[in-house]
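Okay, so subunit A shows up in both of these, paired with subunit B first and subunit C after.
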Partner chain A sequence: MPDSIHLKIKRQNGSRDLPRWEEFKVPYKPNMNVLSVLMEIRKNPVNVNGEKTTPVVWDCSCLEEVCGACTMVINGNVRQACSALIDKLPQPITLQPLSKFPVVRDLKVDRAVLFEHLKKVKAWVNIDGTFDLGPGPRVPERERRWMYEISRCMTCGCCYEACPNFNSRSKFIGPAPLAQVLRFNKHPIGAMTQEERMETIMGEGGITDCGNAQNCIEACPKKIPLTTAIAQLNRDTTIHGIRSWFRK
Partner chain B sequence: MKVIVIGGGLAGLLSVIKAAEAGAEVEAFSLVPFKRSHSLCAQGGINAALNTKGENDSIQQHFEDTIVGGDFLANQTPVKGLVEAAPGLIYAFDRMGVMFNRTPEGFIDLRLFGGVKNRRTAFAGATTGQQLLYALDEQVRKWIAAGKVKEYIGWEFLSAVIDDEGICRGITAQDLNSMEIHAFRADAVILATGGEGMIYGKSTNSVICTGSAAGAVYQQGVPFANGEFVQFHPTAMPGDDKLRLMSEASRGEGGRIWTYKDGKPWYFLEEWYPAYGNLVPRDIASRAIYKVCVEMGLGIDGKNQVYLDLTHKDPEFLEVRLGGIMEIYRNFYGEDPVKVPMKIFPAPHYFMGGMYVDWNHMTNIPGLFAAGECDYMYHGANRLGANSLLSAAYSGYICGPNAIKYIKGMQKSAADTPQSIFDRELARQTEITQSIYNMDGTENPYIIHEEMGETMITDVGVVRYEKNLLRADEKLQELTERYKNIGINDTGRWANDVMPFVRQLWNMLQLARVITLGAYNRKESRGSHYMPDYPERNDDQWLKTTKAYWTESGPRFEYEDVDVSLLKPRARKYD
Partner chain C sequence: MGLITGNFLERKIHSLTGIIPIGVFLLEHLITNSFALKGPEYYNQKIEAFQQIPFLVPIEILLIAIPLAFHTILGLYYVYLSKNNVLQYKYFRNYMFYLQRITAIITFLFVLYHAYTARIARAAAGIEISYEFMNGILSQPLFFIIYLVGLLAAVFHFSNGIYTFAISWGITLGPRSQKILQNVCTALFFIMSGVGTIELIALAG
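After this line comes the complex of A and B, so read on.
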């Protein structure tokens, strides 16, 4: 085992500032992950040249790969930093912010657009109110299982980072919201308003912007069946298109 | 009507929704996007006496289990309200599309949890908190899209704005990117800011759970109640940066706790507590594991850890019902719990104590409410598993409407409050912030934080000795002195992480003393508070709610009788 951990971090003071690389060496301890190394730097912010520097800025919250906050590019791969175990990473370990979102500072980026897209596709069940109306619809367990798989999406942005059809200028709503559309369209109550969601994803930046590169499914830390969901949604939009043509 | 809600977890988001449904204009502040709030770390489930498993479960039984589980320290009338509302709440979540596991008939399935004998816990795999939080996040997004709710993401609450009559008229908050501080007007403010696990350094909590907001209003005059009652979850993965929770559901689904004794597996919980076995309440399980490891020296590999064993269960069953935690264990420990027993040890997990509120969830400052883990209301001296998602949801569910009711009875609204009141508080907060930027001493705030955590976990943990509690308080006072000599390593005015942390650290130190001295004062053992010097519960003297008031020289304590109007206190037995 090496006696220290070598990190190369891409740092930037803001979206208009030029990025620079700064290197750190942190004493090795067993069972560390990228975040616990960043936390060590905070306690003594000195770089590899022995110069005092500012602590690195990054996003994190749960530290157990459920919240999605600490997503970054580690050794070239997009993933959550909390579950990036040092013992499994070749060194030097490079840390970069997500490339498809505006950098706030260092490894912290602004991912507000992810939530905007969820808003755009109306990713919710449109209930009348939170009052007690008695039990909801009965749901077969096998249906629940795949809907649950999709509902574990953390909105972390990995699939966006991997998708060749999404960038800071494109209008593509991205892989994750498309899977959500399928889940809400198939939910017994959600299905009642599926037309609204279908119209959105059949419009600009919608499902036809997916180039079927299939990078998203590889990048998803939760192994959500994104490509299967998008393929299913493609069939559904065709049927929806034909139906609405007949209704005209 | 204008309502401000702080916090984007279950309690906060339900407050937002209920206030918006009542027609209020709502501003919702959160440190992180709502979807990343700490409610999502709740795993096992949410309790409601749905009685769909043919076990004659009832609201009354849920009530009694909760009161006994809390060792009679919870006020009983509010708990009654909680358990009565539970089934309706689950059904509302169900309609929002929460993917609760189902029975073969398509009904919501229920599983067993600690401290109870009936199946009462609805669940979505082992990520129930995540699924409930996401459902509320989706509903709030609908309100945002409709223009009825405005979100402030990446803002930190600094203080309540209190006018000369002592009424809360709004808040001050800081944008954590631009570092600007602003004052906001509101007729009612709801704090739903969660627990304070970071006071213990490492815990099962997210790093955002500092308790800083509660610490701030405590210094503005809101009493902090029952601070000494800190739940240690018996089954967490030991770790360097975090103690990761392994849900109580693993025991509810048949997991067994054991270690080696005389070369053979020893199922000590099953031996000591034959009636409940592995499903004794958390305080009891944590003390047993502590005893086996620390006092008897029988931890696995001589370390502070025992086995949580699921290897006798069917792998597909485990995946469907506990997949979320199996994944965490595999990712962070590199071993498969299907094949090898998990190694676990108790970790700080939940704060039964919190801001003192009346039964409408209002603090002693009119217009300032608290809901969720940051209040003290429902769990007494120990919380039962799967009651936290319930109390978080329920308190938000009633806090929203209570705030509206309060606003409708107001003499004058926040809009009529003179601007000078807001300017005054803004100036005070700006000065505090500036003084932090100016800190140029030699201490590192993260090291002070680490030392605070070590002290709390060693001396104010599962077992509390009088002399250790005194030692802890001395250490906290030393750290408070050293705090003044902090050198801030980052004076940047853009997305500076250190400056807010230094402010949080101060607030954490205040609450750490509330916890420590509250524990020292309480000369008995009750629920999670265990003092070997006073091993018995003492109802004659201590059937009382602790209320800590902030003073310059440290917390001042008052005590208040507990409402025991519905169930007469009796001995708490699980063997």
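After this line comes the complex of A and C, so read on.
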């Protein structure tokens, strides 16, 4: 067993600041994850050269891989820090913030764009009314299973990070919101407004900006069938496009 | 992000033109050039017949030059929009995605050279396309290699393009159907590359 854990962390004071690498050695304890190592650094913020430094900033919430807040690039791969177990990682362990979102500080990024995209595609069902609308329609079991698969998305940003077509040059809406379009189009109430969602993803930065690199499904920690959802939406938008074209 | 029409329509046309007519034109090349395997005279005779197609120039412009220019210009813009990350994410499809863009640029350069020498400059000089004309080019090792690279790039771009076409048009939805088509496309790549190479050797004499 190693007596210490060697970390290389990419640090940055803000989105306009230049990043720098800082190394740390943390005493080894069994069953640690990346977050508990970061907590040790917070207790004693001294780098590998013995210099006192600022504690490393990161984001976390649930600590059980369901919220997505602690998503970062660990040893070159995008994943959640809470489920990254030290005993399973080769050292030195490199930690980098997500590269596709603005850095708030160190490993903490601002993923607001993800939520903006969810709003853009109207990833919800309209149930508000001025009177009691009564119980909703029943959902076929097969559809419910599909919706459940997609509903496990925690908007962590792994698919965005791995996608070659989501970057500063393109306006691509990204894989996760596309899957949510399918999820809410499948819902019996959501289906009532499916054409609105479809028109949105047929616009700028929409579904056709997907280049089928299929990195999203590989990177997704929840193994959400993103590529199948995108292919299904390709079929749906093509049919919708042809229909509405001939209706004009 | 759209270059001409917002987004959807131009991407769909871009995807479609890759198969029809450009992919069909590539297949036509492989069929026509296979006549070289039966000797120079037979090849010249068959090529002669193709040259006799009525309205050849308008057909070439409408069915080949315009779709090819559309696919190329938009495609190069789409290449620019991607930021490849194969060194970080070493997934099979990610490599294919990267190679699709590499072969796009190689094919673009080769087609530019090939269309100029074998069609535009040749016709302008009043030379008939023939076994002897192609043999004059392909018997030189450097030009044989250029043609071989161009062939492999074009065939890869076409066979991998079928795979992505089937997703972009919502034909193959799930991982199983995509995997089967992947295998079919891989087989197609090897068959077309093999046939094309044999034809180049036959034309090189």
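One rule holds for everything that comes next: the second predicted complex is superposed on the first by the 241 of 248 C-alpha atoms of A that agree within 3 Å, B and C clash if a C-alpha of one lies under 4 Å from a C-alpha of the other, contacts with A are read in each partner's own complex, and residues count from 1 in each chain.
One rule holds for everything that comes next: a residue touches a chain if its C-beta (ideal position, glycine included) is under 8 Å from a C-beta of that chain, and two chains touch if they have at least 3 such contacts.
Every value quoted in this text rests on a predicted model; they were computed, and no experiment measured them.
Enquirer: Overlaying on subunit A: subunit B and subunit C, fit or clash?
Expert: fit
Enquirer: Look at A:K171 in the shared chain and tell me whether it touches subunit B only, subunit C only, both, or neither; answer first, second, both or neither.
Expert: The answer is second: A:K171 touches subunit C but not subunit B.
Enquirer: Counting residues of subunit A touched by each partner, does subunit B or subunit C come out ahead?
Expert: After superposition, B is the partner touching more of subunit A.
Enquirer: Per the contact definition in the header, classify A:P19: touching subunit B only (first), subunit C only (second), both, or neither.
Expert: After superposition on chain A, A:P19 lies in contact with neither partner.
Enquirer: Using the superposition on chain A described above, determine whether A:G241 touches subunit B (first), subunit C (second), both, or neither.
Expert: second
Enquirer: Taking the superposition on A as described, I'd like to know which of subunit B and subunit C A:N33 touches: first, second, both or neither.
Expert: In the superposition, A:N33 contacts subunit B only.
Enquirer: Looking at A:G76, would you say it contacts subunit B, subunit C, both, or neither? Reply first, second, both or neither.
Expert: second
Enquirer: Which of the two partners, first being subunit B and second being subunit C, lies in contact with A:G205: first, second, both, or neither?
Expert: second
Enquirer: If we overlay the two complexes on their shared chain A, which of subunit B and subunit C does A:N215 touch? Say first, second, both or neither.
Expert: A:N215 sits against subunit C, while subunit B stays out of touch.
Enquirer: In Å, how small is the closest CA gap from subunit B to subunit C once the two complexes are overlaid?
Expert: Distance of closest C-alpha approach: 21 Å.
Enquirer: Show me the residue ranges of subunit A that touch subunit C in the complex, using the header's touch definition.
Expert: Touching subunit C from subunit A are residues 76-77, 162, 164-165, 167, 169-172, 202-215, 218-219, 225, 227-228, 230-239, 241.
Enquirer: Taking the complex as given, what residues does subunit B use to touch subunit A?
Expert: Those residues of subunit B that touch subunit A are 14, 17-18, 21, 32-33, 35-38, 40-41, 88-89, 91-92, 94-97, 99-108, 124-125, 127, 130-131, 134-135, 138-139, 141-142, 144-145, 153, 177, 206-208, 239-242, 244-245, 320, 324, 327-328, 331-332, 334, 397, 444, 446-447, 450, 489-490, 492, 494-498.
Enquirer: If we count contacts the way the header does, which residues on subunit C are in touch with subunit A in the complex?
Expert: Result: residues 1-2, 6-9, 11-12, 78, 80-85, 88-89, 91, 93-94, 96-98, 163-164, 167-175, 178 of subunit C touch subunit A.
Enquirer: So in the complex, the part of subunit A that touches subunit B is made up of which residues?
Expert: Within the complex, subunit A contacts subunit B at residues 13-14, 29, 31-33, 35-36, 39, 42-45, 52, 54-55, 57, 59-69, 82-83, 85, 104-105, 108, 111-112, 115, 118-119, 122-127, 129-136, 138-141, 144-145, 147-148, 151-152, 154-155, 184, 187, 189-190.
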